[in-house]
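Look for subunit A in each of the two complexes below; its partner is subunit B in the first and subunit C in the second.
Coming up: the complex of A and B.
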């Protein structure tokens, strides 16, 4: 039953989905690495981006692919605003800072979900037609759904851009310095709250890009973020907490493991394979594959 | 240039420095000496905006900067070489220095201080690609001073630059403080080492359990028998 072609097909599907998972996890990892805050509203950011895409498609009649940079830009503002409006205050807590932060982002998640249910009802929606929707490419007999392929390429592009930003620009250096010692960047005139807000903006923009592309081939509903967020948390832990490029490798691993488990076990059991790999890493290498 | 008036800082109600007044004139080297726990670091951290004062004023070139955030104080022209150096350990020496000139967009504003840093500490120039954490204690101190100079401060504050450093390098670092002043930067230095510090300073303040107990020209302080007692905290 498992022919070579079969195996290539599973690996390809896993790779494409894995790169999308990596893109979703990148922002989570970025924010965690920057300030040790886990954004429990990450899945809701994804959901917001999907609704934003849906809304813009309806209003502007443009393709989701064209809209994806706009959605990313909108999400940048949303992310930065969340930091300035909520997180910065949660971080000022004098006691139980960790818990206050958890509840602040967890509460934010519930609020965003509630707003989505109120505004859009729990109905499943989908973008009826788009350039890529339903299209498939084939390479040496291996099929690649066009939306997934676009998502994978967008992910690689985003990681490339992120790498350039972090390694080649003054702002990237400020970001790295803030990761190292947020209390010391003020000594060189850097406003750490600005860096944190930019980090939240970037993190939300990355997941926003993923949401725009997911909306081409995924149903949009208020709870759509949950399962993706869960995968993102596993991906971040697997890649090494706070290691953005670890998340890239981990996302691909998660995607491939998921595709294999879905075939070998059955589709409803695909999460088990992911968690098995995760537990294995936790037991053998708790700091993750690329963690410090 | 700097005028500290009745400054008091407390940590959760525990007063660390109390009613401190001091001044630093342009192009001076002013030293604050005192035993461990006297409040020297708290004083510098409060001026730099890393701790909030409970009361008092900090006038820098006429403007009250008490309570301003660290990055703003730095923008106004005060750089702190903090206790423990606070380098970015996993970043290269080069990147630590570049971060110092984060606010300076003009090439000349970046190159001039870099040249000065390399002249002061040639060994940094040889280690540009090394991570900061791989440097020796003395070299890390040099890098921390270098990073502060890259911000082009008018007032440089040093918190015990001799701490945890080989004696040979202590002289090198204290010499560099002289050179820095000659280049036009005012210096406020905090130290436990009495003799060496008073040798390079113009004026000095003696701090004991959070209060200024004595002040005057560095030579007078150095020759004063009471200082040793105050300094030792007996």
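Coming up: the complex of A and C.
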């Protein structure tokens, strides 16, 4: 039965999950906008962040929520390191640049998965106890699981901070300028490689934040990143490649469409709704919702 | 008068004949089923990757959703065989034609998309196919379909004792796809496709029918990919959506061409000859105990080749581009 309450419940869970999807997609979108690279290891960045959270929880016995900025900081280093160590070489390719980037990052993804299996075995892990785990808030009869709510709020905060960073700081302006014309910024004294490395760091830190919160209510295993990465690609494309705030809107749409299709179709087919919306949007607007 | 170009093309045919002759003789002394298995997979991926290469290498439309056509081929022949008793040879042809039709139907809207939007659309379409098959009860849902194997027979294309018949079929398929690519390379379509890949707008302004070129490449590519899918179903005699339609397959079909040399006649075969034995050997020698060494090694090899040799390994031995511009 579809009652007003049911509908608002579906919309609420879709909205919360959608904001988390947006946070996962933000880093992918940022990196793409900056340098036209689709990072096929994005899901593995998320997985790394989830394991990092898990490991820190075990070692430090702190709550994932407190650890989330630390995880984001760790992922910043991981992201910047991946750029300096790998992506910078992929950017130098003269021929079939696109495929080189796809397979360099895809190779990286497999290596990270292997490392996760080596360090943690393929077993499913979960964080047994946390402040938010299993808690639920209720607002006018609409239930909101606390971890998802925290994820949604973290996502909004992160997008707010990203907006301030891009509009108000020198680094943000350098980022924006590099985005517009990576060749010309060298002439005005901006170190392109440094901006790219920072961009990768920032992108990984955003997905790191998402991973820390996701680890509260999701099983952690070496292959956990795949499905989330696929949703992130669709989200980024739906919003228009490179439009970070397009990814925010697209994430919310994806979350809500998923929640609706899980009810209307059946839970095992909920992804079809997302994919159908993607195809519909790009067939009508071949550059996504907010792409130029 | 034979030009240098014609001579080079003739040499390609001679090399191909020699390679096929060696490949025919290669497994004769090998009784080890494990090695036979690797050989079958190697020639199968050479064929699949060449099929992928037609659309993505020559025509430049990067598809990461070819698992869809592979799965359609596998399911078409298996469903017709299991449910209606139609022998797999007809099922194979039906699967190929059906996959080509699907490629044309989805190509019609998709080929208006550019670059990453197109690639993501191919991934999404394959995922939709995967989910539909996972939920299609007639086709066995997630538990899949078993092909009944009664004994060695060419009629039902099932063999219990030896892998060699499978090997020779896969070799034949790889040779046919190679020949098709060889003839297309020097045909009107071959020039159209490369023009579309290099510069779509310029091609259009010169009168190349861009849309029809892409559609033709997609149909040929999907047809042979589906034949490969039917073959694989017969070879493993059990299929489920997770073993024939997952994203991983789409990448595995692209990988040999990329490693060997994308958009070249020999790239897919060279890539498959290196990659597939490497994959299988690392899996069995380093994969034990789920420690992930095989993944680390395999991923590192892909990464290093992609970074160190973006043109593909073939460029180490050829000085000029094998295909005329």
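Rule of thumb we're sticking to: the second predicted complex is superposed on the first by the 292 of 292 C-alpha atoms of A that agree within 3 Å, B and C clash if a C-alpha of one lies under 4 Å from a C-alpha of the other, contacts with A are read in each partner's own complex, and residues count from 1 in each chain.
Criterion: a contact is a pair of C-beta atoms (placed from the backbone, for glycine too) under 8 Å apart; a residue touches a chain by one contact, two chains touch by 3 or more.
Keep in mind that what you see is a predicted model, and the values were worked out from it rather than measured.
Superposition note: with subunit A as the common reference, subunit B and subunit C can be accommodated side by side.
In the superposition on chain A, contact of A:109 is made with subunit C only, not with subunit B.
Of the two partner chains, neither subunit B nor subunit C is touched by A:6. In the superposition on chain A, A:268 makes contact with subunit C only, while subunit B stays out of contact range.
By the touch criterion stated above, A:283 is placed in contact with subunit C alone, subunit B being left untouched.
Applying the stated contact rule after C-alpha superposition, one finds that A:174 touches subunit B and leaves subunit C untouched.
Within the superposed three-chain model, A:222 lies in touch with subunit C and out of touch with subunit B [touch as defined at top]. In the superposed three-chain model, the partner touching more residues of subunit A is C, compared with the other of subunit B and subunit C. Judged by the touch definition given at the top, the superposed model places A:188 against subunit B, while subunit C stays out of reach. Note on the composite model: angle subunit B-subunit A-subunit C, taken at the C-alpha centres, equals 90°, rounded to the nearest 10.
Between subunit B and subunit C, the shortest distance over C-alpha atoms in the superposed arrangement works out to 15 Å. With the contact threshold set out at the top, not one residue of subunit A is in contact with subunit B in one structure and with subunit C in the other.
Within the complex, the subunit A residues that touch subunit B are 170, 173-174, 176-177, 180-181, 183-192.
By the touch criterion stated above, subunit B contacts subunit A in their complex at residues 48-50, 69-75, 79-80, 82, 86-91, 95, 98-100, 102-103, 147-148, 150-151.
Across the complex, subunit A is touched by residues 62, 64, 109, 112-117, 120-121, 123-125, 127-128, 131-132, 134-135, 247, 251, 254-255, 258, 262-263, 290-304, 306-307, 310-311 of subunit C.
By the touch criterion stated above, subunit A contacts subunit C in their complex at residues 32, 38, 86, 89-90, 93-100, 102-104, 106-118, 121-122, 222, 226, 230, 233-234, 237, 241, 266, 268-269, 271-272, 275-276, 278-279, 282-283, 286-288.
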